[in-house]
Every structure is written in structure tokens, then in C-alpha cells.
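Each of the two complexes below includes subunit A, the first together with subunit B, the second together with subunit C.
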Partner chain A sequence: MKMQSLPAPQTTAPLLRVDNLSVSFRTDHGPLPALQGVSLGVSPGETLAVVGESGSGKSVLSLALMNLLPPTATMTADHLSFDGRDLASLGQRDKRALRGRDMAMIFQEPATALNPVQRIGDQLVEAILLHDDMPRVRAHTRAVEALAATGIPSPDVRARAYPHQLSGGMRQRALIAMALIHRPRLLIADEPTTALDVTVQAQILDLIRDLAREVGTATIFITHDMGVVAEMADRVAVLYAGRMVEMASAADLFDSPEHPYTLGLLGSMPQLSQRGAPMLPITGTVPDPRHMPPGCHFHTRCPFANGTCETVRPQLRRLGPARLTACHYAPLLETLGART
Partner chain B sequence: MMVRLLRRAAVSLVVLTGVLLIGFLMLQVIPADPAVAIAGPQGTEAEIEAIRRHLGLDQPLIVQFLYYLQRVLSGDMGHSVINNASVSAELLRAIGPTVELMCAAMLWAVPTALALGILAALRRGGIIDRMVMTLAVMGVSIPVFWVGLLMIQFAVRTRAFPIQGRGGPLWTLDGLSHIALPATALGLILIGPIARMTRTTLSDALHADHVRTARAKGASETRVVLNHALRTAILPVITLIGLQIGSLMGGAVVTETIFSWPGVGRLAVGAIIAGDYPMAQGAIIFLASAFIIVNVAVDLLNELADPRLGART
Partner chain C sequence: MSDTLTLPRRPRRLPPRLRRNPMAALALGLLLAIALAAIFAPLLTSFDPYETALRQRLQGPGNGHLLGTDSQGRDMLTRLLYGARTTLMIGCAGTAFGALLGGSIGLCAAFYRKLDGVLMRLVDVLLSFPSILFGLSLAAILGPGLDSLILAVGLSVMPGIARISRGAALSVMTQDYIESGRAIGLPDHRLLTRYLLANAYPPILTYTTLAFGDAILLAATLGFLGLGLQPPTAELGGIAAEGRAFLFIAPHVSTAASLLIFAIVLSFNLLGDALRDAGDRRAQ
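Coming up: the complex of A and B.
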């Protein structure tokens, strides 16, 4: 397991930055706030992991950053920039020019993310030709090379296959090849391995890391698996019920988690929780975004909650140069020590 | 895929035999006795008996049916009992106009319905969307003959279009003006179902994961809709169009009768009314086989268009 600590990422100018991002969906039962006040940045070469349980808003976050939210979504942000360019001020055409070329995405479901009636090769060729002008034959050669780079066996045969003729692992490789084909400066990977079995998962993670390192890509890696976070991340943002509750370097997060929710997430990893932090697996479920409890959104499930937590919502507080947490009792370990 | 097709063909053959049998039996039940019809009002008992023997009508039903099968397979469908014309020849003459009418109806109705469906899916809840849904409901509930009669009313008042029969070839003004009304009436029954199906499948496809992937690649919205969403959404629509050919044939029978269009449908209806036993049976068998063959063809087309279907077997 890799756990080096990196220089504080705030020192380099972030490639992507978003401040106070909120997303809400129009639904038949009224507005559904899926994301509230999320701010984050990611620098070139850096991997930012976004973790949280199912329904915490991870996919919504990645779609918002890619400008791929469905029309039922309303998105607001104080600031959203890519490479110093304000994304809000760009027209559709300019945003399209960035998408797929400078910012690419790997989706959660390899089974459905590929066009079922188009050959794999043709889907890659399309991705190439959308941003590069070259003869189709050349594009096809490049597509096969890209497939080969992901370790797909006999890539020229696979290029002629339809998605249903490939295994889940191969489909995900094809999607990765497609996402990385223009050597994007930002890669958003939304749980790229969740649908795969463990051995394939390890191979895919290596693949993303190697390719990203080779290209110097900034990566936003979405997952709910803390083991994968330990494997991949330089920094970690923890989402709970649409809000960011903690942000820290991976080393700090695993050494001394500051938010009870993070503690709970780590609690599902015995080998980590042995290192001092109490093991506290989370009970209960994420509250319905339409009926959020008052005060701290986590108080219904938090073992440390008290009266204040039920009425006063904790704001994100800075605990160190690159550390934020939203809990009244942070720093948690100190508070715990004082209590016992 | 080959195996599937062969199986399909075998099943179709069985169904076809069934159709022949049912058509045969149905016409046994109708009260008109063809021998009496041929003999005419002055025919004597003996004459009628002789005609009956000549037509094989005195044999047991199963034997009559086997004789009929044999003759049909050799292309001989008998002769009209009214004017002694060869049934096969009459049918051959009528096929052209029927195919022409159905093609003309589809030629305007399918693209129109697709366009309406696409526009409705892109602007759900908009004017076109509501129009399509209204049409879809109306199309089901308004019978073709009613529309046809309205059109004839209109044409008689305005004298804008001829209302009877077929004109010259279609590339002449005369031919076009003759086919305009029947093709419009017949095509209308396709608009509602096809437009509605396109709207439904396309609005689903627009939310599909792979369509989002296409957007993530940086594809333009036009490209996303036409190359990705529509390409998967069109498959059920093709199937539906194929299935609609059945109701189109039914509609053609009515339309041809109303507008005196010299096709198989009018031939069948005319023969049934006149009690022209061999002619009616020939026309019905022809319509039924055409229906079955079209369905197999649609299946095949679907398979070619959707690589996933080939994998099942």
C-alpha cells in the first residue's frame, strides 16, 4: 500500500477549481438538493480522491464538473475555472472543445457507457476525430494502439467487436482508452472499478495510475472504497449527503481522521483502524436529501453527537494548511482524549 | 443467426399452411353456393350438380383442401366463377397498384412520423409533443374509411383531386393526383403509432449512459441525437414499422375499396361481395402470405441493424 505524503497541493495553481458548487434536481416531489457548497481544486499530476457512501453526490459532482448534468439539474457556483479559464463564460462550442480533449471522464458503469450498436473501434475513432483532423484509417490505427496500451489482448480483433462481445474488464479498458486518447489534462474517474472483480480492479487501477503519471494528468478519482483511496490518492475530499465534510492529504486522513464520518468510513477497514483511531463502523443510512435533519447532517448517525449538533450546523474549518473539516469537535482525537 | 432464420422460415411455413386452411374453411361456411351462382337463375338441378362435380365441391373437405394446396403451389389458383378470369393473373395485375399505394403512403408517412417523434422527444411537453400525442390517440380511434369519406367529400366540393381509380404512371401529374388522396388517407394510420414510438424510445435513449459518454467525448448535440441516441432508439421503431405493415395492408383493403383503387384489397372485397369463391380465396391467401413474409423480412432487418440480437440463439 502506497502512502507517501506530498507537498501541500495548494502551493501550485490548481488546473480545475470550483467554489461553492451547488446542484439541485427538479423532481416530482419537489427540488432535490444533491450537492451543496462544495469547493475543491486539483493540480496537474495530482490525484484527488472523492469518497462517500452511495448517494452522497459523487457522480453528480463529476457530471457537474464535466458540464454533463441532465436538463432537470440546476447548478450554481461562485467560481468554476479550468486552466485559469472561467467555464461559466465559455459558450457551448468552447466547452465541447474542452470535453473529451482536455477534460475526460471514465464512467461508473462500463456495461452501459458504451454505445451498444457501434463497434468499439468506431467509438474510439469517433473520439479521435472529434478533436483531431486525420484520415479515418490513421485514426483507426491510433484507436487500436490505444486499446493495446490498456493491455487488451488482440486489440485489433476487439476493435471490431461490439460492447456485448467483451467482458466487463475489457469494456472498462476500452472506456479508459477512449478517455485517455487525447492525453487529457484532467481525468475524472467515477468508480471505474466498482463493477469489476478484485484482480481486474487492481489491474485497472495500475493502468489509470500509470497512464495518468505518464501524461501528467490531474485526476479526480471517485470511489467509496477506502482501500482504493489509500492506493491512489494524494488528497482526499469526503462527501456526506451532498456536502464536503473533510478534506485532507491522504497521509493525514489515514493517520488522524478529523470527522466522525471519515472515522466511520475507515472503520470498515480493520487494518487501518488498528492504528490508534477507534473502530466505528457507521450505522443507519444517508438521510433523504429532501428531508435533511437540522444542525449537523450527520448527527442522526454520529456517535459523538450532542445537543449543539442537533441545532447548529458546523461549517468547514481550516485545521492545517491543507486540512478542512466540518465538525464542532475537531480536532477530534484531542477532544476524545480530553473526554476520556 | 442462420439457425434462427431457418427456424423462423419453418414456423412461417406452418403458419402459412394454417392460413390456407382457415381461408379455405371460412369460405366453406359462407352461405353463397358458387355452383348456384355460376349456373345462374335459370340453372337446373342437374346443371348445378355438374358444376359442383367440375369444381370438386362434391368431394370431402380434406380432399378439396389438398387439391387446393396442390394447385396453389403450382401457381394455379383457379378461375373466377363470375367472368372466368384466371385468379393468378388478376392477382398479378392487382399487386402492382397495392404495393404502389402502400409505398406511397409509407413514403410520406414514415419520414413525417419520424420527424414528429424526434421533435416531440427533443421538446417534451412542447406544441409538437402534444400534437403527436393527440394524433397518436386519434390515429387509433379514427377509422380509415371515415377519413377517406371526409376526403372524398372535400375533393367533390373543391374538385381539386380525382377520387376514383388510378391515373397514369406516378411520374405524371395525372398519376400523382390520383394517388394523392388514397395515399394520404392510408398513411395517416401510420403517423400516430410511429411518431409516438419514436418519441418514447428517443427520449429514453437521450438519457442513456452511452449517450452521456458521447457528450463527454465532446460530440455536438446534433451528433449526439442522430448518431447515438437515434441509432439505438430506431430499432424498436423499425420493428414497429414492420408490424404496422400488417395494419397498413388492412387499411389498404379499405382505402382501395373507398377510392376504387384497383389493388388486391378491392379485388378481395369485390370477390367476397360477389361470392366469387376462388378469387376471394386467392386474394386472401395472397394478403396473408405477404403479411407473413414481411414479418420475416422485418425480423431479418432488425437483426442486421442490432448486433446484440445476433448473439441470442
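Coming up: the complex of A and C.
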């Protein structure tokens, strides 16, 4: 069954555009759909946050966009282009040339994303020389400069360190330095602060934002933390069980979430301004992708669900110029207001 | 403050481990001594390993010959030194060949999952033969000679190394840095060497050390069975076989050669065990 896809709302010509992206994994128990009919785009200089809880497919999305899916995955898309070039038509060599130079990625676990047997500086030098032809000595100087730009103290000494000799925050800084060293046009950050201390988190977020702004990259920021979204995002795409359920500008999303799942994500956030106010967690867990409930995938956990939701799957609907929602009852306020 | 910042030195691991394991230290020392003696054999003995002196045949130890003489009156110590030279050389070259081939197969099987099935079934077929039988038939097919011996020994140790390499590489493949290496655009050959091999090598090295002992044993066995290098070439298995005919009147010939083989193989096994223990402790 092919899902009707709405083009993602855009303000300027997108740098990266993907329409109707689906990814599934081959397993012993048959295909396991991870993403279904996701369409989105990012423009230069813009930060798009992709939100969802564990298992919603957000990490698969980042790997699919980087063309780093494992061989057990099959990916289909009506359209997938970067800077006007159709990615499907590029060969392995051209795709590899894009990776690291034009599109870069920051990983979730700084503890394991660096090669443990290579010095930090050597890994940076390797990354530089892969896409730039220059003498090794100059590459090393550039590597140290890049480390310094991320605020690592004594960058020349750290460049000689092995990953296990650095703290988590410093490793993440080194990874950021590596990701941004070629001034990529697209940066995909996959939960870059999840594994870090709260105090370090804010610093790393600031760093990514400042460097990305300086370089002018488009950023896709993958996270489950609505606080991080408020901090970083221009626009937000909400994923639930492999499907996009809402897309809105960050301001709109926080002002008036239109999908009950988004509402739930916001309700799960502790509020400093309303001390003592109860948090409203979403009950239950993401359904097993092999046994998706019929109708709306969220209806088993949705406080507003009724008969229609159990049988008819809501399609993404346009609610405003830059606003899409997949809920029968959107806009929520009007419908629910009328119901009560 | 930051001017004085220094990084802790990478701890040197092996020597303390060996000190804690005196047997392994002894084995390493013995191996080094045997290898050096074999390499510098021409300097250590004034006898010629091939010059026969039939009037002095089968003499017991003493009388100017430290370990006596063999059935052709050749100095046994000299024969053993030169024999160890040949046997160690076959073992070394065979193991190196097997490790290179097996390591490549194992790493490729883990890295290119599509090749995994084909490569590993191939290895399984080789693994299903007992290595002695396999080496025997190969040496018989290829005919006696240094090249075919090395090939036979190499192909016999290869399957085990391939399996171990694949296992070690598979666990490294699940690590994030492989993905992040891909994300910066590293080509496959660099990922294979600097990321995969560089992180997966410890168990491969340990197993290869153990395989070394097997390789020596196989080389000596083939020599003993007459499928190795042909006489008069000095080779430990061959010397043991020659002495068999005179076991009752001159037991020192076979005994000395056999003991030397035993010492070499045991040393490799002890060393391999110690390396494995060191690896296990590091993993904890």
C-alpha cells in the first residue's frame, strides 16, 4: 500500500529533500518496518529537530539520510536529493565523497564513536586528508585548530591522546570538531548530548549551534528531549512508530501542539515555572512494529481516541502554511472544545 | 596549568604479566634461545650437518660430540640445530601464510556480510578435515619440497585463524566507530585495516601463537612420515624418523629430536595460554 505523500512545507529551496521514505529491516521473522512514508526537507542554515521516543525510527532516519544503513535494511523513497542532486543516481564513490565533506554526522555515544586505537589528532588528520589534499603537517595544524575551536583546553596535548584518555564531553567535542572540519553543508546530530552530564549538555548544544551558524550548515537534530528542541530547533518533525505525525515550526509546536502524541511529549517535560504541577507522561510503550494496531498507530495510548481512531488511519493533513498533522481531531482545541 | 598538562603514559602491559606467569616467561626464554641457536647455528658449531663419518656412527653423548652422532656419523647437536632451523622456518612461513590468508578471510567475512556465507562454508569444509590428514594429503598431492610443505602447513592452520578472526571482527563491527568511520567517508580498505584489524587483532594474535605450535608439530609429523623434506636435509621430524631404526642401540638420536620438538611446541602453547590470560584480564 502506497501512502499518499504531501510535500514537506518549505520556505526556501531545500538543501536536502526526501519524499515518502520507507525503510525496513530483513529479520528471521519477516520484514520489520522502521520508517514509513516520511517526507521532509532542510534548508541551508536551518535547524530541523526530529523528535520521538525510543523505537520511533529517528536514528534509522539519520542513517538512511547518510546512506549508512546496514545491508539488512531496504530503503525506498520517491525522491531523495541533496543540493539538487539525486542521491539514488550517485555511485558508492560519489556518495562516499559527499560523506564527511558535504554531509557530516555527530553520534550519540562519544565513548564509542572514536576509534580507540588511534590518537585523536591522527583521526582528525585522517578525516582532513580524506577530502583535502595537503601536507600532513598542515593537516595536523588544522586538526589542532579545529580542536581549539571546540573549546578543548590544551588542544595540542589532547591531539596526542587516545580516546580513553579524554572525558565524555571532550570526546564529544572532538567528534564535533571532526564532523565540522570540512564545513559540511548538512550536519546530522543523532542525540549528541544524551550520554553527557547536564552541565556539559548545554555547552555542547551551544557549541553545535555556534559552529553550525558560523559555517552556515543545515542541521538535522535528532532527539527525544523537548528541552533540547526548544533550545535548538527552527522546525520540528515528530515521529511516532516510524511515521511522521506532526511537522511545525518550533514556536507553533510549543504554543499549540496539534497531535496528542506531541502533547504527550510536552506533558512529559518537567516545568520549572509550575512547580508541583504533575507531569503527564504518555502511558504504555511504542507498539511492536510487527503488530501495529489498526487505524491510528497511537490510538492505544491516546487519551482522546474513539471508534474512528481504531479503524481509520489518519493521513498527514495541512493545517497551516508550514504545519502538518496526522490526527483526525486536529486542530485539537476546536474539536475537543466542541466535544466537551 | 595547561602548560604543564601531560597525558598519562600508555601502560606497557606485557612484561608485568609475564612476571606474574613464570612458566610463560620460561617458555619465551626457551623459544628465543632455540630460535637464536637455530639462526646462528653455523657460528655455534664447527661440524658440518651433512658430512658423514661412518666410522663414528651412532656414538653416544660425549667423546667430542656433545649429543653423540647419528647413523651416518654426523654430529647430533649440529643436526638438531640445523634441523630446528628448517622446522622453525617451515612453521614460521606456514603460520604466516595461514594467518595472512585466514585473517583476510575472517575480516572480509565480517565486513562484507554478503561474502560471509560463501567464505565461512569454505572454511568449514577445510576445518572438517583433521589437520594432520589434510596436511598429509596435500603434501602427498603436491610432492615433497619446501614450498608444498609451507602451503600444507599454512592451509592447515588457516581455517581456525579465519574463524577466530571473523568472531573478533564481528564484535568490533557492532561498535559505533565503524559507523562513524564510514560517516567521515573512509574507504573500505582503511576501515578494514585501521578500524577493524587494529581493534580485533588481540585474540587473532593469541590464536596464531597457539597455531604456531600446531604448525611446528604438523611440519615435524610430515617430516617423520617421510612427506617432508627428503634426506639428507636436516629436519627435526626427519631426524626422529631416522633414529627410529636404531632406537634400541642408540636411543639418543630419536629422543633428542623428539624432545626438541616437544620443547618448542610446549613453549608455544604456554606462551599462547599466557597471552590469552592477559587478554582475558584486560577485558575484565
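Rule of thumb we're sticking to: the second predicted complex is superposed on the first by the 320 of 340 C-alpha atoms of A that agree within 3 Å, B and C clash if a C-alpha of one lies under 4 Å from a C-alpha of the other, contacts with A are read in each partner's own complex, and residues count from 1 in each chain.
Here is the rule we use: a residue touches a chain if its C-beta (ideal position, glycine included) is under 8 Å from a C-beta of that chain, and two chains touch if they have at least 3 such contacts.
Note that the coordinates shown come from a computational prediction; the quantities given were computed from them, not determined experimentally.
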{"item": "Simultaneous placement of subunit C and subunit B on subunit A, clash or fit", "value": "clash"}
{"item": "Which superposed partner A:S154 touches (first subunit B, second subunit C, both, neither)", "value": "second"}
{"item": "Which superposed partner A:L130 touches (first subunit B, second subunit C, both, neither)", "value": "both"}
{"item": "Which of subunit B and subunit C A:L32 touches, first, second, both or neither", "value": "neither"}
{"item": "Partner chain(s) touched by A:A73 [first = subunit B, second = subunit C, both, neither]", "value": "neither"}
{"item": "Touching partner for A:L316 - first (subunit B), second (subunit C), both, neither", "value": "neither"}
{"item": "First, second, both or neither for A:L90, with subunit B first and subunit C second", "value": "neither"}
{"item": "Touching partner for A:A251 - first (subunit B), second (subunit C), both, neither", "value": "neither"}
{"item": "Common interface positions of subunit A, toward subunit B and toward subunit C", "value": "63, 66, 68, 70, 96-101, 104-105, 107, 109, 112-118, 126-127, 130-131, 162, 165, 175, 178"}
{"item": "Complex contacts: residues of subunit B adjacent to subunit A", "value": "207-210, 212-221, 227-228, 231-232, 235, 305-308, 311"}
{"item": "Residues of subunit A touching subunit C in the complex", "value": "63, 66, 68, 70-72, 96-101, 104-105, 107-109, 112-118, 126-127, 130-131, 153-154, 157, 160-162, 165, 175, 178-179"}
{"item": "Touch list for subunit A against partner subunit B, complex", "value": "63, 66, 68, 70, 92, 96-101, 104-105, 107, 109, 112-118, 126-127, 130-131, 162, 164-165, 175, 178"}
{"item": "Contact footprint of subunit A on subunit C as seen in their complex", "value": "2, 5-8, 10, 113-114, 175-177, 179-187, 190, 194-195, 198-199"}
